[in-house]
Amino acid sequence: MNSMQTAAPAPAGRSMQWRSLEFVLGALLSGVMLTLVLTSVWIFPDRGSLMDLAARLSQPFAHWDHVLGTDPLGRDVLARVLVGGRISLMVGFVSVLGASVLGIAIGLVAGYYRGFWDMLLMRCVDVQLALPFILVALTFISILGGGLGNIILFMVVSQWVQYARLVRGMVLSVREREFVQAARAFGVRDLAMLRHHILPNVLGPVIILMTLNVANNILLESSLTFLGLGVDPLIPSWGGMLADGRTYMQTAWWVSVFPGVAIMLTVLGLNLLGDWLRDRIDPTVKL
Amino acid sequence: MKLKSFFAATTVVLASLVSPATQASGTLNVALHQDPGNWDPIATFLVSWGAVGSQVFDGLLMRTPDMKLVPGLATKWEFLEKNTKLRFTLRPNVKFHNGEPLDAEAVKFTFDRLLGEEGKKGPQQSNYNAIEKVVVVNPGTVDFLLKSPDPVLLTKLAGYGAMIVPPKYIKEKGSQYFGMNPVGTGPFKFTDYKPKVSLSLERNGAYWGGAPKLDQLVYRFISEPATQAAELQAGRLDVANQIPLAMIETLKKDSKLTVVSMDGPVALALRYNTQRGIMKDREVRKALTMAVDRDAIIKSILLGNAKPIASFQGVLSFGNDPALKPLPFNPTLAKAMLKKAGVKPGAQIQLDFRGPDSNFREVAQAVAGYLQAVGITVSLKPYETNVLLNDIIPNGKTGEMWQNQWGGWTFDYDNTAYAMYYTKQRWNPYDDDAKLNALLHLQRNTWDQVSRKATLQQISRYVADQALEMPLYSLNTIYGLNKRAKNMALPADGRFRFVEATVD
Amino acid sequence: MGGFLIKRLLQAIFVVLVVTFLVSYAVRLSGDPAIMLSQGAGSVTEQDLQNIRKGLGLDRPFLVQYADFVRAMLVGDFGQSFLGGTPVARLIGDALPATLALASVSLLLSVLVSVPLGIQAAVNKGKRADQFIRIISLVGLSFPNFWLAIMLVLLLSITFPLLPPSGWDGPISLVMPALTMALILSATNVRLVRTAMLETLSAQYIMVARSKGLKERVVLYKHALRNCAIPLITYIGLQFGNLIGGLVVVEKVFNWPGLGTLAFDAIAGRDYPVLQGTVTVLSIIIVAVNLLVDIAYGLVDPRIRTK
């Protein structure tokens, strides 16, 4: 049925390997990070909250007690990095899930049906896009207060727009293609149309956007903490640790480097997986 | 090693290209964390105004870096007619930067303006309400008629609102223009102002106190403490007024820099919400205080840049009683007291604090850790400063305790205590104690400094006894300096006056 | 085309109004400018605060305040900052060039870097170069902008005193902030260009062009690039709002005297006129850019323009 989409010729040798390597590396990194993070509460029952002012800022790789050193309050960095992953990953995944579901639904409707709904959506989109995110975050959070739920809610509310706009654009170009028009002529109903013909074609870029945004949102959480808002500082989060470790960069680099490494590994893993997924779904679909 | 010397050479070449021309001798570069936006003395109360204002303006009295009041534009003063009249003799032959003479008319104009319509729009006026009006006796003498006693009046006359301004200049150009192009009698003259970026001053060769040694002062507005520190390290700044505590050691290690730390006016405490849950019990409140090792916090987190306090005022404050000791750190006793009071392990309390304050973030977490050790679970809630100060505290929406911070610039406990403990004051949403109110009134309405001191000390003992708060520490005033700046006479209240300062 | 333009223009104006209304309303929901201005004042009574509020015009109902603001804005009067009475127009006028300079240099730098890299990656799909470029771009996505900024300052200002750590003292001050922003932007752009190139490279008309014997370079840049234009333009348009958002944090670290810092301080200090003015200007810019993107979209792909 998909005659318009030219399947990429099965590439020989190297690229095939790369694709598998991508998957292996991506799955490995994400899998390891995820496992470590999820089991962290068993490995470290005190959740990295044990403070020891006498042992503050001790060097990494020096004692078995504190393999990655301690932070300004004497808490174990390794424990905090692993436990902190929970918050950061939760912020990342939940917000992206919420935003994408909302955005895809709205984008599909707007792109397919056009007309009044499309215009309304696009005005909403424009208004949202015209508000610089950080400023909205600051205003929002100063009214509602910080905290995990509000931050996730806020990210969903400000990011569904990206998906809606992307999906709408994709739907617009796909729906003009011959095979869609042919199907319509055949009388295929709208819902089926959306599900079988249009949705698969827009999923690829959306998934990539999602994987990019998970990473982005983890970083965004750190920016919000940097600006003084965000979650309870007693609850470890990668972003919070990065922000708090800022003034210690010259004296105790490990306080911010290790959470940074954790972020990077996780993000790298997620993106590799996303790439592989996209390749599997349809290698010729443009982002 | 060759690579290193190559880099060094490149660095020198590039550095000379990068350094702005203001590094020329005789120029001092100062960082301020905030731009008050208006240089009119009656328009603001921000500390950063004082860092500039005290260079451009003078008051009738002035305060030295060791907090002593000395003659300024007035050479002597005396109380007359049972303390209802305050007479000032003005210093002769003083001129404003624009040539106007400093005389009794100028003083009268200044205070008429402060107490009148113009002053009404600003936050300074309410400090000077004890003054009925100002009367010119002769060009060199002026009388202040007072309508109520104000024991802190003399100190306040060394404050922002009372700095003397030029009548003719303001009448001609208007207050708006004056706010952007200030003219005073001080050691430095205004030259240029780029809002939110920089402000430049040049020396006033005709200054009555002797011409300053510096040619030029350049202020740069840098709100991030870490950025101020970076600029110090890059050699582009000589004075930084806000550096992160964590970087003090790093800066000290830099051979061209030094860090100055002195007793300051800022006091910090955790104020208790005496209306909520377990906090209603005085013994519980005392136990909470004893559970926290405040000395360890000062030593480890603040790196010794603070002093322990027993009441909500600094070491230098008038009304401070050195004999009053803080509750000791005794977690065992605290646990027992909590048990006796019926508090179950795992009891939850909430601590509200200023989110953007990165130093206090650590202190708050440390406090939480100590309370955890005696079985109290603490949740920390960061708030935007403005919201905390304007909405949460005054409207009584706080958790069980909150970060209470006060910069008592008058260095007099009255200013603090009244606002903190008198019923229905903005900073006191929960406590209503008639006995305390009476004491506060007592010390306000008398000129007798000796009995005032006794009363103030009584107040602080009473508050400590009632355990209305956990006094934490009095924060030092800390400056980062480039060693090339000499004779700085740095004050604890941030009001710079660089008359004697020089640069190498 | 004309009708399309007018319609979009009206919509743009509507959007700006909605944005300013929302922000003006939201910021008044909490905090009090009068308190900010009297911080530290010994015993400020409620009467004092009322006086201050009256002086600032805050005792009037919100809609009146907002209507006043819009009316004044139409004649170019953005009011005066609560903090000191500096005319807001002057503050914005000083800050706007700073932000625009930073934004455009960052964007330019990012495009210059990501287009060639993206094309290279696409052309060498599966091979070493491709892998390398993709990994680098992923790493670039993993750092928070303020962290990157601080690292750069640490490296290029303190360890090797080459660049000024903050402020805008001349073109050399642009280097680090623009580099920070560009590095982060490029990470996404490279992948975008790559994916777009991949699709077009395998499309049939490219093969036709190749079989015609046209030079590889011509094929690449003329035909393929034009097809990349759509997603790239859309994404840059989309990115502009995010760009401004990211700028706030970067501006703060580098003490860059731009609109981001201005707005951020205004929120914290509840300086309503400055905030309203800044948000208005920022949203006008973003909306204008989006409008241009839409027009370009319409030009490039005529099918979209209908209806």
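We just call them A, B and C in the order they show up, numbering each chain from 1.
Going forward, a contact is a pair of C-beta atoms (placed from the backbone, for glycine too) under 8 Å apart; a residue touches a chain by one contact, two chains touch by 3 or more.
The structure displayed is predicted, hence computed values, not measured ones.
The touch graph of the protein chains shown is complete.
Central chain by Cα centroid: C, whose mean Cα position is closest to the mean of all protein Cα atoms.
Of the two interfaces, A-B and A-C, the higher number of touching C-beta pairs belongs to A-C.
Averaged Cα coordinates give subunit B a centre that lies 37 Å from the centre of subunit C. Computed centre separation for the pair subunit A/subunit B is 44 angstrom, with centres defined by C-alpha atoms. Taking the mean of the C-alpha atoms as each chain's centre, subunit A and subunit C sit 21 Å apart.
Shown for subunit C are the residues in touch with two or more other chains, namely 30-31, 150, 158, 252, 268.
Annotation for subunit B: residues 226, 356, 384, 386-387 touch two or more other chains.
In subunit A, the positions touching at least two other chains are 142, 227, 246, 250. Interface residues of subunit C facing subunit A in the complex, by the touch rule stated above, are 11-12, 14-16, 18-19, 22-23, 26-27, 29-31, 125-127, 130-131, 134-135, 138-139, 141-147, 150-151, 154, 158, 188, 191-192, 195-196, 198-200, 202-204, 231, 234, 238, 241-242, 244-246, 248-249, 252, 260, 263-264, 267-268, 279, 282-283, 286-287, 290, 301, 303-304, 307. Within the complex, the subunit B residues that touch subunit A are 225-226, 244-247, 249-250, 293, 296-297, 300-301, 354-358, 361-362, 364-366, 368-369, 372, 378-384, 386-387. Interface of subunit A with subunit C (complex): residues 6, 8, 11, 14-16, 18, 114, 123, 126-127, 129-136, 138-140, 142-143, 162, 165, 169, 172-173, 176, 205, 208, 212, 215-216, 219, 222-223, 226-227, 239, 242-243, 246, 249-250, 256, 260, 263-264, 267-268, 271-272, 275, 283-287.
Contacts from subunit A toward subunit B in the complex involve residues 49-51, 53-54, 56, 72-73, 141-142, 145-147, 227-230, 232-234, 244, 246-248, 250-251. Residues of subunit B that touch subunit C in their complex: 7, 10-11, 14-15, 17-18, 20, 35-38, 43-47, 120-127, 176, 179-180, 194-197, 220-224, 226-227, 230-231, 233-236, 356, 384-387, 389-391, 407, 409-410, 415, 418-419, 425-426.
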